[in-house]
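Both complexes below contain subunit A, partnered by subunit B and then by subunit C.
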Partner chain A sequence: MTEALLAALVFLPLLGACLLLLAPSSWRATILLAVTVPLPFCLLPLTLLIADAGLFEMTLAGHPAPLGIRWRLDALSLLILWLNVSLMILVGLAAGARFAPASDVGLRFWPLWLLLAGGIHALLLSADLFNLYVTLELVTLAGIGLIATGGSGAALRAAMRYLLLALMASLLYLLGVGLVYAEAGTLDLYQLGETLEPGLLPATALVLMLAGLLVKSAIFPLHAWLPAAHGNAPGPVSAMLSAIVVKVSLYIIWRLWFWTAGDWQLPAPGLLLGLLGAGAILYGSALALVQKRLKMVVAYSTVAQLGYLMLIFPLSGLLAWQAASYHLIAHGLAKAALFVAAGNILASLGSDRLRRLAGLDQRLPMDVFALALASVSLMGLPPSGGFVGKWLFLRAAYEQNAWGWMALVALGGLLAAAYLFRVLALTCFHPRSHGHSTRLREPPTLASLAGLLLALAAIALGFASAPILALLEAAWPGAMTP
Partner chain B sequence: MTDLAVDVLIGAGLLALAWQTIIGKSLFRGIVLFVVFGLTMALAWARMGAPDLALAEAAIGAGVTGALMLVAFRRLVRIRPEQSAQPALRRSRLALPVAVLAGSLVAVIGLAVVAVERDPAVAGQAVAQALTDSGLGNPITGVLLLYRNLDTLLEVAVLLAAFLAARTVFGEDEARSPTPSRREVPLVGALLAIIVPLTILIATHLLLAGSREPGGAFQAGAVLAASGVLLVLAGRLQPAAGLSSWPALGLTLGLMLFSLIGLAVMAFGAPLLALPGLWAVYLIETAMMLSIAMTLVLLFAGASGLRRGSP
Partner chain C sequence: MSSTALYVLVAAGLFGIGVYGLIIASHLLRKLFAINIMGNAIFVLMVAASAPLDGRPDAVPQALVLTGIVIAVSATAFALALMVQLYRVTGQASLEEDPTEDD
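Coming up: the complex of A and B.
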């Protein structure tokens, strides 16, 4: 039964994408609903199971590893699955308003959307290095196609640049996988954790895989492709890309680091990764402060916020693990809300230049409210999901007397407040002359509502921390506690 | 001794071809040399005892990729004639860092690979043991369709995603043939009448042989696509705007059939994707071949659909 639930998570979206291409246009909305609505109901029993047993493994095709492929579900993958399904539904609402399923552009958009979802689900379940490569390719290519549905020259250029960098990154990762197989004769992540010993070849392989994955996760200084791609894609697409697509490659890094290489003692490389994160936080925030377009502010904010997810490496310990996982989820919801709201503003104003936003709080109250609520979570103000994540980071750093990291987390929050308040202040700024107020196309209510719901979810996450943190504690690979 | 000489020759040829491809005087020359590079690479794979890879490299790496590059070049000639005539190589500030990076990468990997002891490939041995029970003779097909078939299934999904991503940039309104050859060239019809059935025969052979010998759905699909490319080039098939039903069925057939069979076995108590027998392998491979061929032909035509052209 549980096997069927996991299969549904992957195959419903994949088959849905095929059906969308085959069915008459009037059926497409029904198909979309039919493959999306069951997903949370698949996750519910799985959540109960994981809360109870902590772990679920299944062998595919009846061939156990190392011959075959395993799927493995634990609290971390489960939480990110929940994030993706929530985003599929809420961001999907906003996207449905823009890309009507029955229309021609809808036929371009929705099959890619479902392939992206199926790819993410397969990635989160997979316990096999090569299978992870295939799922990463699926996620990347679907993401690139979705960026290109924006249609503008800037979107196409950004998609092309992303494609080239992502392919190079994939090849680096694949090279690492090949070397690992040459050394250990298996590709199973967790079997490798038991057999792979530190050495020249495994280290080279790990570095290659990390380099490829860091490019895909746009970690500073390999982030160059992200702002253009996320800033020029259509709003709902930016939301998915920033909220989850860049995270799943980082998820693989965590798996490699804490499971496959879990018993290697790697303080110096961990510190280096942490410093990359620090660079990301400072550089991304600084650039977010000087952007002239709303979506670019949000895109650079992604560069900055991804940096926090790297702090888990130097601070490695249960608290940092909970902090980073919580931050991943909270940032996903808040950033999706920001991008959906920014997309709505862009669509109704025809521009998202910051100085055009003046007085917007009266004209698009719902979108500005969503923007403000999501900002609260992103800055890490209590009571919000972002606060819990940052608070846990601070505690983790405090317990290890890591004052530098503490200062960095606090500074990152301040900088986030600075660049987000800059935007909010502009929307509430009312110039005296009302003469040249531009025409405004009201965004669809459903799209505004979707942004608001996402922002509310980001806030509500601050109240639901106890059970989630308990789940995460059970999933922490205990051997790693320092 | 002769073996070594052939290997050195192929290796040196590959390096020279790669260099010539990069510094090619013109884009067109670069594309042609890339195809030659692909064919030489196929030779290299064959020398290394990987005939499946050699076939795939020749059919996909050299054949289909080369055809796609040439189509892209034709478009470039049409929309930016001045750019297509320029040398392909432009000085880039990134060239040196990238070269250093690539060079050090090759060095490090070389050192690391030299250090590796030929460990018993655990999974490889398991394949060899399991293969005798399966009725298949080709371990590659065994891995692709029996043991690690989720990889293959997702690869088919990747191909679909790649086509859909490319489709977002097709100009639907200006769907046109890559070669709008209005006038009939003599003997084209006769040539097609020989080549197209022959190609279909070869594709089918590759597909069926794949269970025992080198071959399989990917190679067969690429060969089948070649006949489609020929038909498009000769104007027998014309690109059409809009996704009509039978190309859409061709695109999705492989993924759908594979998924449905893989899921259906669960109803009989078997694990997910545990294929019930060799017939399922052949069925899925045939569907995948058709999907792969359809995807490649549509990519070549730069359109979402095909319609019958005037002969």
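Coming up: the complex of A and C.
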């Protein structure tokens, strides 16, 4: 039964993608609903199972590793699965208002959308390095295809640049996988934790895989492709890319670091990764402060917020683990809300230049409200999901007397407040003469509602921390091998 | 020189050619060729690195490389389609920014 639920998570979206391409256009909306609606109901029993047992493993079609494929579900993958399914539904509402399933652009958009979801689900369940490679390729290619549905020259150019870098990154990762196999004779993420000993070849392999994955997750200083790609994609696509696509490659880094190389004792490389994160927070925030377009502000904010996810490496410990996982989920919801709202504003104004936003609080109140709520979570103000994440980071740093990291987390929150208030203040600014009061196309109510619901979810996450943190505590690898 | 060392040298040479091409070329088609050459270097290396000591070939790296080739082909096809679309919209098949375009 559980096997069937896991299979449904992966194969329902993939099946839907194929059906969308074959079926007559009038059926597409029904197919989309039919493959999306069951997903949360698949996750519910799995959540109960993981809360109870902590872990579930299965071997596909009974073929054992190394040739067979093993799937593994634990609290971390479960939480990110929940994030993805929530985003699929809520961002999907906004996308449905913009890309009508029955239209031509709908035929280009929705199969890729489902492929992306199926790829992310398969990635989160995969337990071996090579399947992670295959699923990561699927996620990246589907994501790039979605950027290209934007259609403008800037979007296509950004997609192409992203694609070239992503292909190169995949090759680095694949080279690492080949070296690991030559050394250890297995590719299983968790068996490797026991068999792979620190040495020159495994270290080279790890560095190659890390380099590839850092490019894909746009960690400073390898972030150059992200702002253009996320800033020029259609709003709902930017939301998915920033909220989850860049995170899943970081998820693989976490798996490699804490499971495969869990007992390697790597304080110096961990510190280096943490410093990259610090660079991301400072540089991303500084550039977000000087952008002229709303979506570019939000895109550079993603560069900054991804930096926090790197602090898990130097602070390595249960609290930092909970903090980073919580931040991942909270940032996913808040950033999706920001991009959906920014996409709505761009669609109704015809531009998202910041100086055009003046007085928008009265003209698009719902979108501006979503923007403000999501900003609260992103700045880390209580009560919100973002606050819980940052608070846990501060506690983790405090317990290790790591004052530098504490200052960084606090400063990052201040900088986020600065670049987000800059935007919010403009929307509430009412120049006395409405000289160029352009006419405005109201965004579809459903799209505005989707942004608002995402922002509310990011806030609500601040109240639901206890069960989630308990789940995460059980999944922390350090707890199993002290 | 053992045959494994030869394969590793070939792979390194191919990889170098690929990196050079990727940096030097501005036309996207050339960049794609370069990436494919880099990919092939890695495939050669993966097969060579898992060369059997007792004469029995190991099926796993072969399967991995085969899957890798399939992925490389589909990714290249996708990149070519994207390149054609980019050419249709902007009139150029390179990533050099058009200075007249408003960002």
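FYI, the second predicted complex is superposed on the first by the 478 of 482 C-alpha atoms of A that agree within 3 Å, B and C clash if a C-alpha of one lies under 4 Å from a C-alpha of the other, contacts with A are read in each partner's own complex, and residues count from 1 in each chain.
One rule holds in what follows: a contact is a pair of C-beta atoms (placed from the backbone, for glycine too) under 8 Å apart; a residue touches a chain by one contact, two chains touch by 3 or more.
As the structure is a prediction and not an experimental result, all values here were calculated from the model.
**Student:** Based on the superposed arrangement, let me know which partner A:T59 touches: subunit B (first), subunit C (second), both, or neither?
**Tutor:** first
**Student:** Please tell me which partner, subunit B or subunit C, touches more residues of subunit A.
**Tutor:** Result: the larger residue contact count on subunit A belongs to B.
**Student:** Could you tell me if A:R108 is touching subunit B, subunit C, both of them or neither one (first, second, both, neither)?
**Tutor:** First partner only, subunit B.
**Student:** Considering only touches as defined above, state whether A:S285 meets subunit B (first), subunit C (second), both or neither.
**Tutor:** A:S285: touches no partner chain.
**Student:** Where does A:L141 make contact in the superposed view: on subunit B (first), on subunit C (second), on both, or on neither?
**Tutor:** After superposing on A, A:L141 lies in contact with both subunit B and subunit C.
**Student:** What is the contact status of A:I69 with respect to subunit B (first) and subunit C (second): first, second, both, or neither?
**Tutor:** A:I69 sits against subunit B, while subunit C stays out of touch.
**Student:** So, does A:T149 touch the first partner subunit B, the second partner subunit C, both, or neither?
**Tutor:** Only subunit B; A:T149 stays clear of subunit C.
**Student:** If we overlay the two complexes on their shared chain A, which of subunit B and subunit C does A:F130 touch? Say first, second, both or neither.
**Tutor:** A:F130: touches subunit B and subunit C.
**Student:** Return first, second, both or neither, reflecting whether A:S448 touches subunit B, subunit C, both chains, or no partner chain.
**Tutor:** neither
**Student:** Go through the superposed model and pick first if A:A182 touches only subunit B, second if only subunit C, both, or neither.
**Tutor:** Both partners, subunit B and subunit C.
**Student:** Would you mind listing the overlap between the subunit B footprint and the subunit C footprint on subunit A?
**Tutor:** 66-67, 130, 134, 137, 141, 144-145, 148, 151, 156, 175, 179, 181-182, 187
**Student:** Using the touch rule from the top, collect the residues of subunit A that touch subunit B in their complex.
**Tutor:** My answer: residues 3-4, 6-7, 11, 14-15, 17-18, 21-22, 58-63, 66-69, 104, 107-108, 111-112, 115, 118-119, 122, 126, 128, 130-131, 134-135, 137-138, 141-142, 144-145, 148-149, 151, 156, 175, 179, 181-187, 199-201, 204-205, 208.
**Student:** Where on subunit C does subunit A make contact in their complex?
**Tutor:** 22, 28, 31, 35, 38-39, 42, 45-46, 49-50, 59-61, 63-64, 67-68, 71, 74-75, 78-79, 82-83, 85-86, 89-90, 95, 97-98, 101, 103
**Student:** For subunit B, which residues count as touching subunit A in their complex?
**Tutor:** 108-109, 111-113, 115-116, 119-127, 130, 146-151, 154-155, 157-158, 160-162, 164-169, 172, 242-243, 245, 248-249, 251-252, 255-256, 259-260, 262-263, 266, 270-275
**Student:** If we count contacts the way the header does, which residues on subunit A are in touch with subunit C in the complex?
**Tutor:** That would be residues 66-67, 130, 134, 137, 141, 144-145, 148, 151-154, 156-157, 159-161, 163-164, 167-168, 170-171, 174-175, 177-179, 181-182, 187, 293 of subunit A.
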